[in-house]
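Look for subunit A in each of the two complexes below; its partner is subunit B in the first and subunit C in the second.
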Partner chain A sequence: MNFLYPDMLILILAIGVLAVDLILPQDEESNAPFLMSWLGLASIAVILITQTPPPGDYMVGFGTYTINGISTIMKLLFTLACLFSILLSKSYFTAGGNLRGKMNRHSEFMALMIFCTFGMYTVASAGDMISLFVGIELSTIPLYILSSFYKDDRSSTEAAIKYIVMGSVSTAIGLFGFSFIYGAVGYVGFEDITNFVVNNPRDPFIWIGFILILSSLGFKLGLAPFHMWAPDVYQGAPTPVTTFLSVGSKSVAVTALMLLIYGPLSAIHQETNTLLIVLACLSMVIGNLGAMRQKELRRFMAYSSIAQAGYILVGFLGKGEFAQSSIIFYLFVFMFTNVCTFFIFSIIGQKRTESFSSLRGLSKEKPMLAALLMMCMFSLAGIPPFAGFTGKFILFASAAKEGYYWMVLVGALNSTVSLYYYLLIIKEAYINKPDENQPPLHLNTLQKINLSILGTGVVLIGLIPIFYNRVSELVNLS
Partner chain B sequence: MLSSITIQDLFFFVLSSVIIFGAIMVVSSKNLIHSAINLILCLFSTAGLFILLNAEFVAIAQVMVYIGGVVVFMLFTIFLTTRLGEEHLEPLFKNKFFNGTILVMAACWVASFIPSVIDPERDQTFAQNASLTEVGARFLDLRESGFIVPFEVISVLILVAMIGAIAIAKNDNDPKNKDEVSN
Partner chain C sequence: MTLSNCLILACMLFFVGIYGVMTRRNLIGVLMSVELMLNAANINFIAFAYFKAADSVAGSIFVIMIISVAACEMAVGLAIIVTMYRKHKEMDISRLGGLQDE
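And now, the complex of A and B:
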């Protein structure tokens, strides 16, 4: 039972954050929801770090909700993503915290974030297709709402509308796919589907279902050709939401895909690889080509994360526990690097527009911030000794282990191409002449502490083997 | 063959023809309101098909969710959007040859699955009919094969949607926070 504590606590926390506004006197500057959210999330993260589930699956609700090593480590990832996004959102609720204005209703904002994290938990623990689908929905619908939190900003509303329309279509497609698989198998439990797929690997309904589900998850993962929504939504949504979207939503889609490919569909894994290769190549190329032409920081990050989704998909070509732990480890690396980058962007966005030109002269003005930005960019590009290198190395190693050497070559070539546009950001920060009229940047203590934690993560996760060992230990348990 | 037609088959053919007629009217009608109303016809007949299959729950869900929810929502959107229902819609692809080719290709793709579906070696057992009570009991069942966990998560989902809807719809610019808005 105590393995369920994190799941229960996060639900209680979400409702508590909502309720605290009712109990305490109405005060716009009240810190209570913020304090409660981050303290609660941090303690849940600590519980998840210390927890080691028993080997095998620990079932709740007769297979609809499963707790195992993978679900525990994924829950930790989701909790950390939510925690850092909430810490990032602090300045957005204070006047003058961001150039685009001040957001209101912070208790609703944080409660929605935490509910969304609970949806992600459900995906990680799903033991049948219904839990999986409901979890995916619960982790997406709050994001539609959160994208529109700048009510006076047209681009935020536009982002929310685009996201909800395209997201609903993708949900419908995914649900159609689930119903095909249910139609073929007659059961929704993963175990029944596994048995059916082992006996009928060529069943057309399974294949139609898989292709439809892959399209739907590809949308959430931001894979080309389902990536159309990403640049506009990343651009229009408030930066804390963009952060959560780029890290959390992507990890949820990866988790769902991992559950299916290494679970019920593992018998046809070899055949599904063809589809994955096409999607991975397309995403890497389109993401990299798109990122080169961007001038807006968040739009740039959207294309960058499309390319990153392509790299993650390369890891899916591998088999077994090694591939799974390499993907999960890369998600952690990606989380630390991306959140750190968005933290830096949010500091720049306090007084300036979040575009490339605002970065000029950063190395003179805030040398540490510029150095951190360079670290993150190198990590995203996969330059040693930063975490991104180790992550990509293990990811590609899992594909190479199954003989997909040419896919590794494509991935490595694309990483080289991506170095070009990551260097463009570093060039703005270090080489280009600063603009005299730019308002000065200011960091508060909260931002400094967070940046040091995230920066340490970006460097150490790749260097110290303890992190990877823990991931692979937990994956091997399940 | 003809002698073996039962009353159920007859209903099936009638309902299917109504569905096909409705579907064609939905896509070919130039007025958006007519399309929406034809969609109701189409969805009602689908509900009839479900009743024919003894699946009352799905039939009721079809009427409640699709006709009561989706189509009415669409009609609201059409009426609230100025002049959307009055304009004549132009098809996106006007080339008849192109459209025909796509249609034939899609039909062939669907037809290619027929042999494997009517394969006599395929498992031909069908699921038992479930009454409304059984469906409801299954949702809340705490024993094996119940869906209590997803059911509870769905209730959280609905709660979240309501909170979100209120958070979006509520006016931030009320007089109480006026000085903040002007900043």
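And now, the complex of A and C:
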């Protein structure tokens, strides 16, 4: 029973944060929801770090909800992503916290974020197609609302509309896929599907279903032919939401894909790889080409994350526990690096537009911030000794183990290309002359503490083997 | 009526939905087309549950889940469209060009 505490606590926390707003007197400046949500999330993260689930699967509710090593580690990732996004959002609720204006109703904002995290938990623990579907939906519907949180800002509403139209189309496509798999197997549980696929690897319904589900998850993951929504939504949504979207939503899609490919569909892994290779190559190339001509920081990050999704797919070519732990480890690296980058962008966005030109002269004005930005960019490009290098190395090693050497070559070439546009940001921060008219930047204590935690993560996760060992230990448990 | 009849109907509905999403200019129309696509999946589930599946209860439960989740999704979608209409007096999807690559 006590393995279910994190899941229960997060649901109670979400309802509690909503209730605080009703109980306490109406006060927009009140700190209570913020304190409650970050303290709650931090304690759930501590529970998840200390908890080691029993070997095998711990089933609840006739196998609809499973708790194992992978789900525990993924829950930790989702909790941390939500925690940092909430910490990032703090300054957006104070006047002058952002150029685009002040957001209101912070208890609802935080409660929605936590509900979304609960949906992600459900995906990580899903034991059949129904809970997988409900989890995916619960983790995206709050994001539609969150991305329209600047009600007066036209671009925010526009982003939300684009997101909800694309998102619900992808949901419908995925459901159509689920229905074919249900039609072929006759059951919804993953174990029954696994048995069926082992015996009938060439069943047409399974393949139609898988292709439809893959395109649906491709939408959520931002893979190349389905990536059209990503740049617009990343640019239009408020920065805390973009952070959560880029890290959380992406990890959810990766988790769901991992659940399917290493679970029910593991018998046809060799065949599914062909599709994954096409998607991975397209994402890397389109993401990299798109990122080169961007001038807006969040839009730039959108294309960068499309390319990163391509690298993650390369890891899917590997088999078994090694591939799974490499993917999960890369997601952690990606989380720390991306959140850190968005934190820096949010500080820049306090008084300036979030564009490349606002970074000019950052090294003179705030040397530490510029150094941190450089670290993040090097980590995203995969330069040693930062975490991104270790993460990418293990990902590519998992593909190489199965003999996909040319895919590793494509991945490595693409990361070299990506270095060009990451260096463009560093060039703006270090070489270009500062603009005298730009308003000065200010960091408060909360931002300083968070940036130092995230910066330490970006450096240490790749260097100290404890983190990777813990991930692979938990993955081997299940 | 056989299973293949139902599947053909579901496929037709699905493609009508996709066509609607791609050609409709009005946002409400787009949402209605999405609803058509979701209902195509529902018909598929019910058809499989009725004609073929060993566990037919699971299919029916799935359909109820889809209907309730689709309701939530549409509620959120309509709320966002209402916000858009109130602020900008616009419901035309082809006018949404504020966010684009230069």
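A few points about this structure:
As a convention for this text, the second predicted complex is superposed on the first by the 478 of 478 C-alpha atoms of A that agree within 3 Å, B and C clash if a C-alpha of one lies under 4 Å from a C-alpha of the other, contacts with A are read in each partner's own complex, and residues count from 1 in each chain.
By our rule, contacts are C-beta pairs under 8 Å (C-beta built on N, C-alpha and C of every residue); 3 or more make two chains touch, one makes a residue touch a chain.
Being a predicted model, the structure only gives us computed values, none of them experimental.
In the superposed model, A:I145 lies in contact with both subunit B and subunit C.
In the superposition on chain A, A:T52 contacts neither subunit B nor subunit C.
Within the superposed three-chain model, A:T456 lies out of touch with both subunit B and subunit C [touch as defined at top]. With both structures placed on the common chain, the touch criterion links A:G186 to subunit B and to subunit C. In the superposition on chain A, A:T416 makes contact with neither subunit B nor subunit C. Subunit A uses residues 128, 130, 134, 137, 141, 144-145, 148, 151, 186 to touch subunit B in one structure and subunit C in the other.
The part of subunit C that touches subunit A in the complex is made up of residues 10, 14, 17-18, 21, 27, 30-31, 34, 37-38, 40-41, 44-45, 47-49, 52-55, 58-59, 61-62, 65-66, 69, 72-73, 76-77, 79-81, 83-84, 87-88, 93, 96, 98-102.
Across the complex, subunit A meets subunit B through its residues 11, 18, 28, 60-62, 64-65, 95, 102, 104-105, 108-109, 111-112, 115-116, 118-119, 122, 128, 130-131, 134-135, 137-138, 141-142, 144-145, 148-149, 151, 186, 203-204.
Note for the complex: subunit A touches subunit C at residues 128-130, 133-134, 137, 141, 144-145, 148, 151-152, 154-155, 157-162, 164-165, 168-169, 171-173, 175-176, 178-180, 182-183, 186-188, 231-232, 235-236, 290, 293-295, 299. Residue ranges on subunit B touching subunit A, taken from their complex, read 113, 116-117, 127, 143-150, 153-154, 156-157, 159-161, 163-168, 170, 172, 177, 180, 183.
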